[in-house]
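The data blocks that follow each hold one structure.
Okay, so subunit A shows up in both of these, paired with subunit B first and subunit C after.
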Partner chain A sequence: MLRLIGHRIAMSIPLLLIVSLIVFALEALVPGDAARTILGENATAQSLAALRDQLGLNDPWTVRYGDWLAGAFHGDLGTSIISGVDVSSSLSTRLGVTLSLLIPSMLLSAVAGIALGFASAVRGGVLGRFIDVVSLLGFALPGFWVALILVAFFAVQLDLLPATGYQELTVSPGGWLKSIILPVLALSLHGITAVAKQTRDSVMEVLEADYVKFLRANGVSERSVRYRHVLRNAAIPVVTSLGLVSVGMLGGAVFIENVFVLPGLGSLATQATLDHDVPVILGVGVFFTLSVIVINLLIDIAYGLLNPKVRVS
Partner chain B sequence: MTTATESPAKKRGIVRSVLATWRGRITVGFLLLFVCCLAAPLLAPADPLHQDLRHILELPSGSHWLGTDSLGRDVLSRLLYGGRSSIVGILEGVAAHLVVAVPLGVAAGYLGGRFDRYAMRAADIVMSVPTIVILLAILTIFNRSIAAAMITLGALGASGMMRIVRGTAMTVRQELYVSAAELLGLSRTQIIFRHILPRCRGVIIVQTSLFAAIAIGIQTGLTFLGLGPPPPAATWGGMVNEAATTLTTAPWLLVPAGGVIALTVLALGILGDTVRDVTAQSHTSSGGLRVKPAKRRPEAPAPTAAPERRALLSVRDLSVSFLTPRGEAEVLTGVGFDLDAGQTLGLVGESGSGKSVTARAVLGLLEANGRVTAGSVVFDGQELTRASRKELAALRGTRIALISQEPMVALDPSFRIGAQLTEIVRSHTKMSRRDARRRVLELMELVELPDPEEMARRYPFQISGGMAQRVAIAAALAGSPDLLIADEPTTALDVTVQAEILALLRRIQRETGMAVLLVTHDWGVVADICTHVAVMYAGQVVESAPVEQVFGASVHPYTSALMAASPDSAARRTPIDAIAGTVPPPGSRLDGCRFRDRCALAAADCADKDIPLLQLTEERASRCIHTELLQVRP
Partner chain C sequence: MHGTIPAPGPSRRGSRPRLAAAAALCALSLAVAGCSGSGASGSQTSTQLSLQFPGPPVSLDPAKAGNGSSTVFVSLAYDPLIYLSGKGEMVPDLAVKWGFTDQDNKVFELALREGVKFSDGSALDAKAAVASMNYFLKAGGGLVGKVGPVDKIEAVGPMQVRITYKKPTPEAPSTLTQYNGMGNLIGPKGLAAPDSLLTSSDGTGQFVYDGTTSVAGNRYVYKKNPHYFQPAAQHFDSTVIRVINNPNAVLSAAQTGQVQYASGNANTAEAARRSGLKIRTAPFFNWSLNLVDRKGTVAPALADVRVRRAIALAFDRPALAKALAGDYATGSNQVLLRGTDGYDKNIGYGYDVKKAKSLLAEAGYPKGFKLTVLTQSIIDPNSNYSQAVANALKAIGIDVTLKVQATGIAQFTADALSKKYAATIFPTAGTTMAELNSQITSGGFNPFNSTDSELDSILHKAATATDAASRTAEYQMASKRLEDLAWTVPLFATQNISYAAAGLENIQTSVLNPNPVPVGPTADLSWRLK
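Let's look at the complex of A and B:
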């Protein structure tokens, strides 16, 4: 178990290196650079050269990568080419927004998905078919489109919740809650349905397992069979799907933040993409990569808790 | 229809079988429509960029089938042109996906060794890369080129398909015909193209359509963010974005673009599922399709004569059906037998004869799609086929207990052995944890498990099959049952362990006087432990008798054939007389005698009518009308 976690953490270092290296190498290989982006198409050769010198763009990309790595190691991720703002600090001010979106969405996907999936597997019938249909919709409808429909209905038609914008949790808890309800719903729809489907399939499979028959046949109560034995054994594939759903949510957040104009990391990354702002993209990349590593670590720990084979050996 | 054009291993068979399903026809039809977007310049009713400010935000009409947008442009035309860019995006992504995944997957699976290890490690790392960030970086660097983003997406997403292709290639490599081909001197390339790739074709198509579904989601998402071709170019995501700006005045505009994205994703997803269903033959009894749970109780239980003498367990005219995708199949027809306290009845027959179903039906533990259609199961005076769930639950474990064929899968893998036994003990009698613990250790000693204290702390995967079967027997004995149903209790075990388990069962039976209903196909086991035998064939009991009479001289040709086919009875150095043919599955059983097509004694009258179970003596019965022929045979 500990070895597994150690292995995960050890793997995270090459992962971070690879992600940043890809970005740096691509940027170096492709014509056009930050200086031209800043000064525009009509800049003179002298001013371009001067700015390049100032930004250190004349160094080979390997040297620049080394510098960036050394900085990143100390928490300095460079500055935005466009705004000149320190990347680490703009990440940390926007982190709260993205986490306000991601953490509730992950929890909602887990709780609602498992509850719906379990209920439909045990009860079957109408609820089961409903889950099948909704999970197809969750798979097919793009999150940003669902977000717009939610806005059209709850914000525009019913005027219950704000259509856009964000309030700090510390400033106004009620306002915070109102500002994240629609984004979280839009972001979790896919997650809830994916987890519900996996739970349903997994529980139905375990319900047919020999040991379930054996426990029932030898007098164990149906309640214990379902909530102790079936749920526990069905959980491992569900945890896997939760992990995939959570990683997918990082990408989904980029779209959802744009729809609801939330000042998070996703909208930062989108703007940076439009502006050719490579240092900011790299910064967001580092954060997202770390998030994936944390999610995978949590999933591994969950495996260990659920599966005695992992824990014992 | 990216899959048809992109997949290298596409073959007629799959296309045909996909088109044979209605799901397949609908999705393929829709995807063909989608492909028509490529001909947008020919098909579009209007120029997608032509603005007409006098007719903005119009609802669908004869001149604009899907209405107009905020600049008065024709929505249908823009959808067609937008679809063209989506198709191109998907094709780029899928091409990159296949180029990376298939060669690497086949190579890793077929070559194995160091290459496989490195490839898998790399795949692990790539799987953890947050794709969206790389895509945004690519779009930054390549100046918002959706093509570059889609190719990157295809390559980064390839690790999933690579794993699956690798798995398939590994399976194929280990098969005999591939080894044979290697021995015959076929080169690796030949083997890959002739044997490995054709077998991977199904999974490749499934994965490709699923990837295409994801790719279109990403492509529309990126264009929605304005990261694709700049306006006024038509893209599906861009159209949703434009619709968002007029959300309050013209909500209709969200529908065409959003709907067409959803339908395309759905069609690709369902196509993938359909291909998976037609290529992967499911091994479940329901043929991989979900079936409606059947009612458990018979609708109108046939009135049956009360048993003459009161046996502990009396099964009469028991019929069981299973609902399958092809309709209701009768698995058991009129099964009957008696079992008294202290006796052991062996239910004997080949696979498919219905012996295990009989055992499960007695316990009321048929699968969700099975039900008792007629007959009765009377246990100690109580009719079980009409018993409520609660009444059955009260009997289980305390009056009737079960041990099953595969001891390793009969125990819950997630709980320690001690915890499982404690739970079973406590579900029979209310007692403190400590008392239950003591009882568990007693039970473990009763079934001769060495070092019970230590054993209780282990998980099922840490013990051997023989040990697991002892644990299962201990669990079954926890409620001191009057009847133990043992479904092939020794089949999965080594011969020496088999003998130990049978000796254990015999000893416990002697000490407790419980009755045992033993399902087996092994005459050695029957001889070892049974007092009575009921031989089953194709869902019927064909012969029943006390055990010594059956071994003396059977009164049904199937019994004789089954004994002759048993390795135990064969004389040394003589071939075993296997019975030609197999047990017919439900639905293709013969009228008249069900065994006649495999029977050496079959005569014309065997086909005339259904053969009843003929009572020969008080204890012997046979479902054969030509028993006299059997007596004269040497």
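Let's look at the complex of A and C:
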């Protein structure tokens, strides 16, 4: 297992390099640059040329990327071209917001999804059909639309929760909770339904396995059959699904942050892309890549814990 | 069982989980509401003004900042020399008196207000004002083209500043208001370290920008300036500008009181009105089809003025405005908006498809021609306006292909300047003929550098006119000349829509100032809560 973790961490270094290079290249392909963003539509050719020179935008891409990379290796992700704020500082300011959104969403997706899926599989009937229907809705309804409906009902109509904005956890725990309830629900809906559907299918498949019949025939209690044997054996595809859902949430957070006006990394990435603010785009790109690496690592560890064969291989 | 009416039981059972979920969420919300301290960010104390803006500022450095509604980011912390009120009146601010000292409208002098301090503690004087204005001219910001042909700026007394222009510039006072950059004065410490202006401020305004509690791109916080020269006009302890660009999120934030002033749009205005918000409107954008290839370099047909006039006759402007923006737009048949100096109700393009076709036939295009038109989807979301323009031109045989630039206005401008496109769809925005003329005859509105000596002559006469009436008459002639040239074909004017909380007072908008700012040099010109 330790070898596996070490291997994964070693692989993350070239992955980070490749992703940052791709992000840099994609940004370069988008028409426009930061100088035009800063000077606006009325800028003269001379002032644009002067600012491009000042910002180093006329340098060859190898020099610009190399400069960024050299700084990144020393822990310096540069400074925002637009706001003049240190990128590491921007990321750390916004990291808490995004994690406040992502971690509860992942936990909610896991807990609610597995509970609903398992209950549906073992009970079937109306609950099973209900979860099927809700799963379809969860897949079909876009997160931002769900977000708008939640805001319209719980914020505007009932005035129970804030429509937009974020409160720091350290400033007011209650305010923090209020500010993330609706975003987390909107972001989790798809995850809950995806995990529930996967859990239901997986558990139903395992329930039909011969060894389950054998366990029951030997008088093992139904509780033990379900929770010690079935759930554990059904867990691997569920964990895979949870991993995919979690990675998908990184993208979903961009939309949800936009609707709820949360100052997280998603909205930072959106604005930086519109502004051609390359250091910020690369900084956020590195963070999201690291997040995907961590999620995959956690999934690998979970595989190992759930299935001894994975540990051996 | 066949033929029986299904009992309502199952549907009730099916709805139980959803009801339970809603009830659980309500219970959780109520519990949280009970235990939370202060509200989420966006809620405010009684002395905080919370505003919404759809995007981050172009820059917080006044010399590189944007204009229009984004002026608010600068005006909270920096006072202008001359304040343009919501009604469109010029009001003394950092300058208490101003005027031309010559007959040619080329030498302009301002007397500065005594006893004003920058937030760095240094005093305002002519030397500081001149340094700030010269910094503006050299900083390379996008507004430098809007302040006239400045030759030199000098201090001619301890509190007296002189601006000398290369050409007659009767609009000098309006170029020194909060909307054009140069008049927003920066203090000596800020000028010594311009990068510091991105994370703090050094103006004389009612507020000081607080970069430490702001989150770039999301929330901009301004705290009361203890040095402000007119404390009676300071109605709030702090102001927050929240960046919200999703129109539905804007509406929700305004409806729930998270922001007290927000930009609206035609799609959400009715919902805002129903929820008790005050709707303010003022004409702003004059959407136009700009026939920029007047020499026929890319589209030979446009070299013929009859073709350009035919195009101008192809639009049923009132119907177009109604269909695209309901009550929040009106047809516009001339470059000047109603209510601005030089608007003439007796001129303007009409709607006559038959005559348009006849003009095209005369010009040798009886079956029309193909035309690629550059447009964008940033301020014309989904390119709805542009599609409508293309459809109208189809009726006179012109087959339009739209090239939609979606990456930004700056890139749209770069494309317009590339000389690859014979026509563009983009609004003009200006309250004076001088402002409009500089827009129409430069940049993306005139990439092929068309000139017209008759138009120049009229505008020169206007610039050197010694009385307002004769200047207005010249502006009307200029407007008529632009109509004859058909360089820019106005289509419809859209309203700037904003939502204000019911208790927010002193907000005024007009065609002369559709983008009011919340601060002014007197108590009555500054917004306040009832």
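List of remarks:
We take it that the second predicted complex is superposed on the first by the 297 of 313 C-alpha atoms of A that agree within 3 Å, B and C clash if a C-alpha of one lies under 4 Å from a C-alpha of the other, contacts with A are read in each partner's own complex, and residues count from 1 in each chain.
In this text, a contact is a pair of C-beta atoms (placed from the backbone, for glycine too) under 8 Å apart; a residue touches a chain by one contact, two chains touch by 3 or more.
Computed from a prediction, not measured in an experiment: that's the story for all the values here.
Once chain A of one complex is fitted onto chain A of the other, the partner contacts of A:254 are limited to subunit B, with no touch recorded for subunit C. Of the two partner chains, subunit C is the only one touched by A:85; subunit B is not. When the two complexes are overlaid on their common chain A, residue A:21 makes contact with neither subunit B nor subunit C. Of the two partner chains placed by the overlay, subunit B and subunit C both lie in contact with A:156.
By the touch criterion defined above, A:285 lies against subunit B but remains apart from subunit C after alignment on the C-alpha atoms of chain A. Of the two partner chains placed around the shared chain by superposition, subunit B is the only one that A:215 touches, whereas subunit C remains out of contact. By the touch criterion defined above, A:169 lies against neither subunit B nor subunit C after alignment on the C-alpha atoms of chain A. Contact with neither subunit B nor subunit C is seen for A:301 once the two complexes are overlaid on the shared chain. Shared-chain residue A:119: touches no atom of subunit B or subunit C. Shared contact residues of subunit A with subunit B and subunit C: 30, 32, 148, 151-152, 156, 258-259, 274. By the touch rule above, subunit B contacts subunit A in their complex via residues 124-125, 128-134, 136-144, 213, 217, 220-221, 224-227, 237, 240, 243-244, 247-248, 251, 254, 257-258, 261-263, 265-266, 269-270, 293, 360, 363, 365, 367, 393, 396-398, 400-406, 409-416, 420, 423-424, 427-428, 459, 461-462, 472, 475-476, 478-479, 485.
Those residues of subunit C that touch subunit A in the shared complex are 10, 13-14, 17, 25-26, 28-30, 32-33, 35-43, 55-56, 58-60, 64, 66, 140-146, 195, 198-199, 211, 215-219, 242-246, 248-249, 252-253, 255-256, 258, 275, 405, 407-415, 443-444.
Considering their complex, residues 30-32, 36-44, 47, 50-51, 80, 82-85, 90, 93-94, 126, 130, 148, 151-152, 154-156, 158-167, 171-175, 177-179, 181, 185, 258-263, 267-268, 271, 274-275 of subunit A touch subunit C.
Interface of subunit A with subunit B (complex): residues 11, 14-15, 18-19, 22-23, 26-27, 30, 32, 124, 136-137, 139-145, 148-149, 151-152, 156, 208-211, 213-222, 224, 228-229, 232-233, 247, 250-251, 254-255, 258-259, 269-270, 272-274, 276-278, 281-282, 284-285, 288-289, 291-293, 296, 306-309, 312.
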